[in-house]
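Next, two complexes with chain A in common: one pairs it with chain B, the other with chain C.
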Partner chain A sequence: MGFQTNRTTIYIAAAVILIAIIAAALYIATRQAPETVETETETAAETTPATKTEAQMVELKPLTGNVREDIVNIARYLSANGVTEAKYRVHGSGDPNSIMRVYGIVEAAARLNKILEEEGVNFKIVIEDIKFSANADEPAKVFQQSFPLKQEADIIAVSYRWISTFAKEGYLLDITDYANAYMGSELEDYYDSLWSSVTYKGRIYALPQDTEARPLYILKPVMECLGYDAWDIAAKIDSGEYTWKDVMRIAKEAVDKGCSEWGVIHRKGSAHPDLVQFYYAFGGEFTGSDPDKLYLNLEALYKWLAVEYALARNGLTPENMLEWDWAKQIHPTIVSAKTAFDIGGTWYWTEWQTKKYYTDPQTGEQRGLTPEEVKERFAYSLFPAGEPGKSPVTLSQPFVWMISANAGKLNPKYDDLKEAYHRIAFLLILKANDPDLVAIHSIVSAHIPIREKAALLMDDQEFVGKLAQGNLDMFVSDEAREAFVEIAKKTAHPINIEFLKNVTYMLEYTHIPPLHPSYQPLAEFFKDAVDFVLKGQMTPEEATNYVVQKIRADPELAETIEIVGSIPSGWQISP
Partner chain B sequence: MSGNPLEEVVSGSISRRLKIVIALALLLAGSPIILTYGLLILSSFSTNMVTDPLLTDFQPTLDNWIMFLRGQITYATGGLERNVVEMTLVTLTVAVGVALTATLVSLLAAYSISRMEFKGRGVFTAGLIMLHAFPGVALIIGVYMIFRIIGDVLGVLGEEFYAIAYIILARAALEVPMAIWLFKGFFDKIPWELEWSALVDGASRVRVWWSILVPLVKPGIAAVLIFTFLAGWEEFIYFYVFLKPFGIDSLPTFIEEIVAAAENYQLTIIAAAGTFYLLPTIVFFVLTQRLLLEAYSGGLKG
Partner chain C sequence: MRLDRLFTLAFFLGPALLIVITFFFLPLLLTVYTSFTNMRNWNVDAYLFDIVGLYNYKVLVHFAKYDPMFRNALITTVVFVAVTLVVNVLGGLTLAILTFFLEERISIHYRLLWLLPRMTPVAVYSLLWYYFFHSDAIGTLNRILLLAGVIDKPINWGSYMLPLGTWWILIFVNGLVGVSFGMIVFYSAIRSIPWEYIAAARVDGASNLVIIRRIIVPMIRWHLLFVTVWQMLSLLTTYTHIFLLYEWGVVDRTWGQTWSLLVFNLAFLPVGELRQGLAAAAATVLVVIGAILGLVTLRILGFQRMITRPRGDI
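So, the complex of A and B:
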């Protein structure tokens, strides 16, 4: 028996080794012939010898703010230096519908190539190794690891919050001068509020890619049960007439009368940075006179925690809210109208349609809501002002296009010609934000457009109609067009587009959490404090002092965070 | 009869009834693990995740496997597929590389320790066990620095093949101490006389090692090959640190990525990915469990 087993094992081991050697050979063979995404016709990368005279005749002129002129000049300059092709790699991430975060660059390259073809310039931009990850932070983590090895993607689409980390390390291309050249043209209609998300220590390190807002959803069935008009409440919140005290009052009324099980459901622990809207709603700011410091307003923090405390003590919000599960508790509670209000995000609107959170009372089937059902069920407003005299707010954490400080490194004569390669990378992210591409991305992924021209296109019935039919003749790149056909057919519903248009105004009220290295640890303290007050383990005052103590216990945070104001005496809030 | 239940179990002198009781107790103790893996495998063949042991959620389909093998992890990726074949090849290459390297090195080292007298042999042998105690992650900073230094000196830091070769060597180094100990056990049991007679006949030390001793420890070689293959197959941290920067995924790093973003993926396809990754481990263990258990409990007879 022992001998048989041993011999069998040796055979198995030998077979595995043989298979693996073949596999290794195959792998090496496949890696030697990497797949390349050609934006137009496919040709091999090549450099051609150029005479010194030719190179001297074409000089790299400053950017003009006109894409056609600039790309032609750069291409002629590179061509005169013997380079006829430039390669770039891109890595994007997000939900499956957010593939514009890579195909935007593929399409941008095709559009630039088309210009060059029209102008008769012998030059081509090739996007190779496009990679898309569903984990939103994946490109940033990989970028961080691969930059020291000079293996990083040239362009990445990730959350803006990585900018401070990467800029500090010198990993990002400073595009301030390039952007300034286009401020009067292509970048003119970008929403002003978004520029702070790409600016670190006064320099621009990225372009916004998309953004979002975090509305307060108001459950119409619950308001009908109470005899209220949900849209009337939304209007009063937007105007500042209704503050958090009013929202709590209505929420309590809904629970007391049995119209809903809960008053206010909000984000859970993993999404805690969203709750900082309370801080802004009570007038808190993180910036001040010293740009290197983060400012913490104790009064705003205390009032935020006091609201959370009151919500939980009155049974309006679950004490363990931060531990609730998205799919089993949070969303099913909202879509089943078991809460009067929900603090959510704009992306919820389509998530409620694509994921099976709703249990049909007739059939017992778990399914997504239809667009019509979502519209019938929800009204929405800004996040209410904290108290009279304050403004309603919302919060955005934009996705951005970042360019590596080594962008274009795969190309010939990089050290001599890198300025030209960097400029092409900039023009790629600029063109990836063409209004039609931004509008398409917003519609299919339920994000808010980052520029006014894109928002206007979403009003264009012809454009939207074509999109819904899968007619994407605006794309130059076949590959990008094919990628979007099915997604566009499924998502370009008039109700969803109407919703996006309706919430775009929220960007005027948006706050963007600061790009400061000390903000992330501070946000963690906020989360702990919220958890303590929701569970009744601390009073708002104790939780506020807890945050202060945590800051003072860390020498770096104590140095970089300036605490301003004080806990207001005698201030209380209740439904 | 010794009266000791454990000895009775080992000696096989226990009654049939007791055997059944012990088997049932082990089955009960192992049931959470069996159930978890069973549900995972069933989910990979179902349209919904199977979370109910009564299988009320089970609706059979092969779609998950088809989509996973095509590299489609959701139903809407716009043609952006991941290369599962490449990931599998990378993982397999490293696993086999680790197995071969660790086996060869430890086979030579164990022979030396078992048969040759040299200064510091005792300390070295004892030190091997201490080395085995270090998990890969604890050494990662040092291992990364060596990776950078060697890569810089050889001018291959940005090369993919260097990263793969380095992972194989670094991971094999972690397996070598245990493998040496296993092989030393095998060599120690082979009588000196076998070797002496060949040496007296004029054979070299290497020839003796290769022609006489190695054939006698074949079961040990098989055991070490399997151990080290599985260690390479299950490796995560070195793949993540050294290969991910090249944009190359292995099965473990890919599964980590999709699990971290599970809300964006089709869970049943993730179940197929998990099952696929488990296959070699399950297959090897089922086929070789007796051999592995014997090898771990004191070596095999040659």
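So, the complex of A and C:
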């Protein structure tokens, strides 16, 4: 009996200890966060005994449109409230040459800090936790999943197409009022067409970071083999004289005569941004009378799919184009002139120089092309008109700087001072778009600048010369300068700058796919439909009906997407 | 019940119960709850209490009625789970028996070899098969067959004789990963059979086949039941390798999606709107199907008979 009692006692004691440990752990876990905040607040109050009076004297004035004045006012206001440092996290993405999408903010912080130093303000902006991802959508996906946990980056550089979803959910800072204050100054020379890419339901939620066009690359060696002048074809496409029927005819001629292995190569996977150009080239639009709805023109969709179908059936485009490997198939085929045409992006121009896609016939070595070789090899034009009477087009999907609705949340007294923290985040993205920084990003990554002052700088021989030599004294921050020096040496070449200037006119013809939450699912259906017609699994008519069926199968899409027009009877296209 | 007995039970069962409730029961409860909300884009603040009743289930029914790819996902799930289960169980049994009859020093290497797919990171392993089954001449399989003169142009294996090509790749890749689980369980079970039984059978002149049929299989039937049910439930919910093969285009998009991948795609994949409420409804359906299938299988395979108390002394 005595043994029984002892055992029970041990069990009870163990259970009590276990419960006590759990309770203590829970207590510590719940108490830790507030305690830290309290400590910070107390420390601030202790170290700045006169702050209350000072805080009352320094107020947060409205933004003036002058960066120096505004940052000094915000910094003095925060400093008066006992805050002398503000931290921000930034996450960007893109091709390896696009690291300005994070270092732009690093440099912006350094420039703002320099102003504060000059003005003798005891305040500093710190950029910590910089992340750059090769996967273009990664920062957005991470942001989307971490926002509800308050773990998201304060500033992200991603494609504009995420704005509608994030703005709808309240994840983004509405910067309309801030931007309006700068419309007459810093934002004055931004290209007008880009504002639609950052405006959702009449409010501005981001600043453009860069933009691009998607030319039709025409392989000069193939055209020479056929006895054509590539630039003459480019001019005829730009004027609308040559349509897709002509391009297909030339492509077929090239393949039939053995001048190239393929007629037209295009992107894969997330190919829809490029290929949606077909939809626009056949007169399709996504907007209509109801601004809340997305419109799908069946005629334009059918004609797009009919071209893809004809390309694959005539052996001009691989049936499994959407499964091709980027580094082993797509780019090597293009740079080796094994195709007559390629639908690509402006950024290809420098990517072909920095990545080893080309196999040197003399040495068998894999290497990048030189700027001279790229120039010798490629002519370029707009994306051809679908049929006579229609216009050539191009397409842009600008990268943008987005600010989290909780930007600056890790800083002290966030709830009381959030307006000031938000304004700093805005000034950071504004300064990250300083003309020289935009010009540098454009030159090294072959993206089109978002503002005129940057485009003008690209004409400045001294500026470009310094960049090419790696003499990047325009940077205030050592960190940003070091990150750039090697890339700039490789890509800051007059040929590349000339190319960028030559393609900037394309922005006049550009289309920006709509900022609508239903556009992305629709674009996925387009991708499937293209894959089906290329493989011959569906006729263009069946693939068009597939898209319609997918829309109708989802009650939410059926409600938001309006289908207009019909499949034209008897319309066909062939080389 | 006496108080000290209650404490005894709480002491021994408490930690296990806590783990089961926290990591198994609560997530299930949360999934079912989420399926009745309009949860999307991980916006917990906005949608946690936005109850929409059976809306998500109605959307699923709508999909089933009007979306052919959704129906394909159902068929692919049935075929994938059924065939891969047979491969995993029978393949695992065959490997275990083969390695049992091999000399230990050879057997151990052989078993280790079959464990490699399980030890290789999912992305690396899937990439291997991406290049192996690639639809062009850069694909290893196509390259071998082209060089051997068996084919004169590359074959798109994932789209070959649809849906068979896609199913074959999914079953092959997942089968290779899953077969080692059965092998390990069965091998250890076979090793635990008293050696005298097999030695006696040998003395009586029994062949290997007879030993397998009369001694090994009957004595490891509990393990067979366990592996079958475990693997079936795992296959119902597995999607990692399938996701990469699907995303990289090795398998056909119309037939390469299983139900669990569909759940993942709804909740995590799309660019733009993520519909966690809808995904939770699809996941709940999967849980219900899994539970029914598990119970039915246990009943068919005589789980009750196997867990009856032994009649010997205690």
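Heads up, the rule we're going with is that the second predicted complex is superposed on the first by the 518 of 575 C-alpha atoms of A that agree within 3 Å, B and C clash if a C-alpha of one lies under 4 Å from a C-alpha of the other, contacts with A are read in each partner's own complex, and residues count from 1 in each chain.
The rule is short, and it goes like this: a contact is a pair of C-beta atoms (placed from the backbone, for glycine too) under 8 Å apart; a residue touches a chain by one contact, two chains touch by 3 or more.
Bear in mind that the values here come from a model prediction, so they are computed numbers and not experimental data.
In the superposition on chain A, A:153 contacts chain B only, with no contact to chain C.
Looking at the shared chain after the overlay, A:95 reaches chain B, while chain C stays out of its contact range.
By the touch criterion defined above, A:174 lies against neither chain B nor chain C after alignment on the C-alpha atoms of chain A. Contacts of A:145 after superposition on the shared chain: both chain B and chain C are touched. Contacts of A:246 after superposition on the shared chain: neither chain B nor chain C is touched.
Of the two partner chains placed by the overlay, only chain C lies in contact with A:324; chain B stays clear of it. Within the superposed three-chain model, A:553 lies in touch with chain C and out of touch with chain B [touch as defined at top].
On chain A, the surface patch touched by chain B in one complex and by chain C in the other comprises residues 8, 12, 145, 148. Within the complex formed with chain C, the residues of chain A that make contact are 4, 8, 11-12, 14-15, 18, 137, 140, 144-145, 147-148, 161-162, 164-165, 169-171, 268-270, 318-320, 322-325, 328-329, 517-521, 523-524, 528, 531-532, 535, 537, 549-550, 552-556.
On chain A, the positions that touch chain B within their shared complex are 2, 5-6, 8-10, 12-13, 16-17, 19-21, 23-24, 26-28, 30-31, 89, 91, 94-97, 99, 102-103, 129-136, 138, 142, 145-146, 148-153, 326-327, 479, 482-484, 486-487, 490.
Chain B makes touch with chain A in their complex at residues 73-80, 85-86, 88-90, 92-93, 95-97, 99-100, 148, 157-158, 160-161, 218-219, 221-223, 225-226, 229, 241, 244-247, 257-258, 260-261, 263-265, 284, 287-288, 290-291, 300-301.
Contacts from chain C toward chain A in the complex involve residues 4, 7-8, 10-11, 14, 41-46, 58-59, 62-63, 65-70, 134-136, 138, 156, 159, 162, 248-250, 253-254, 270-274.
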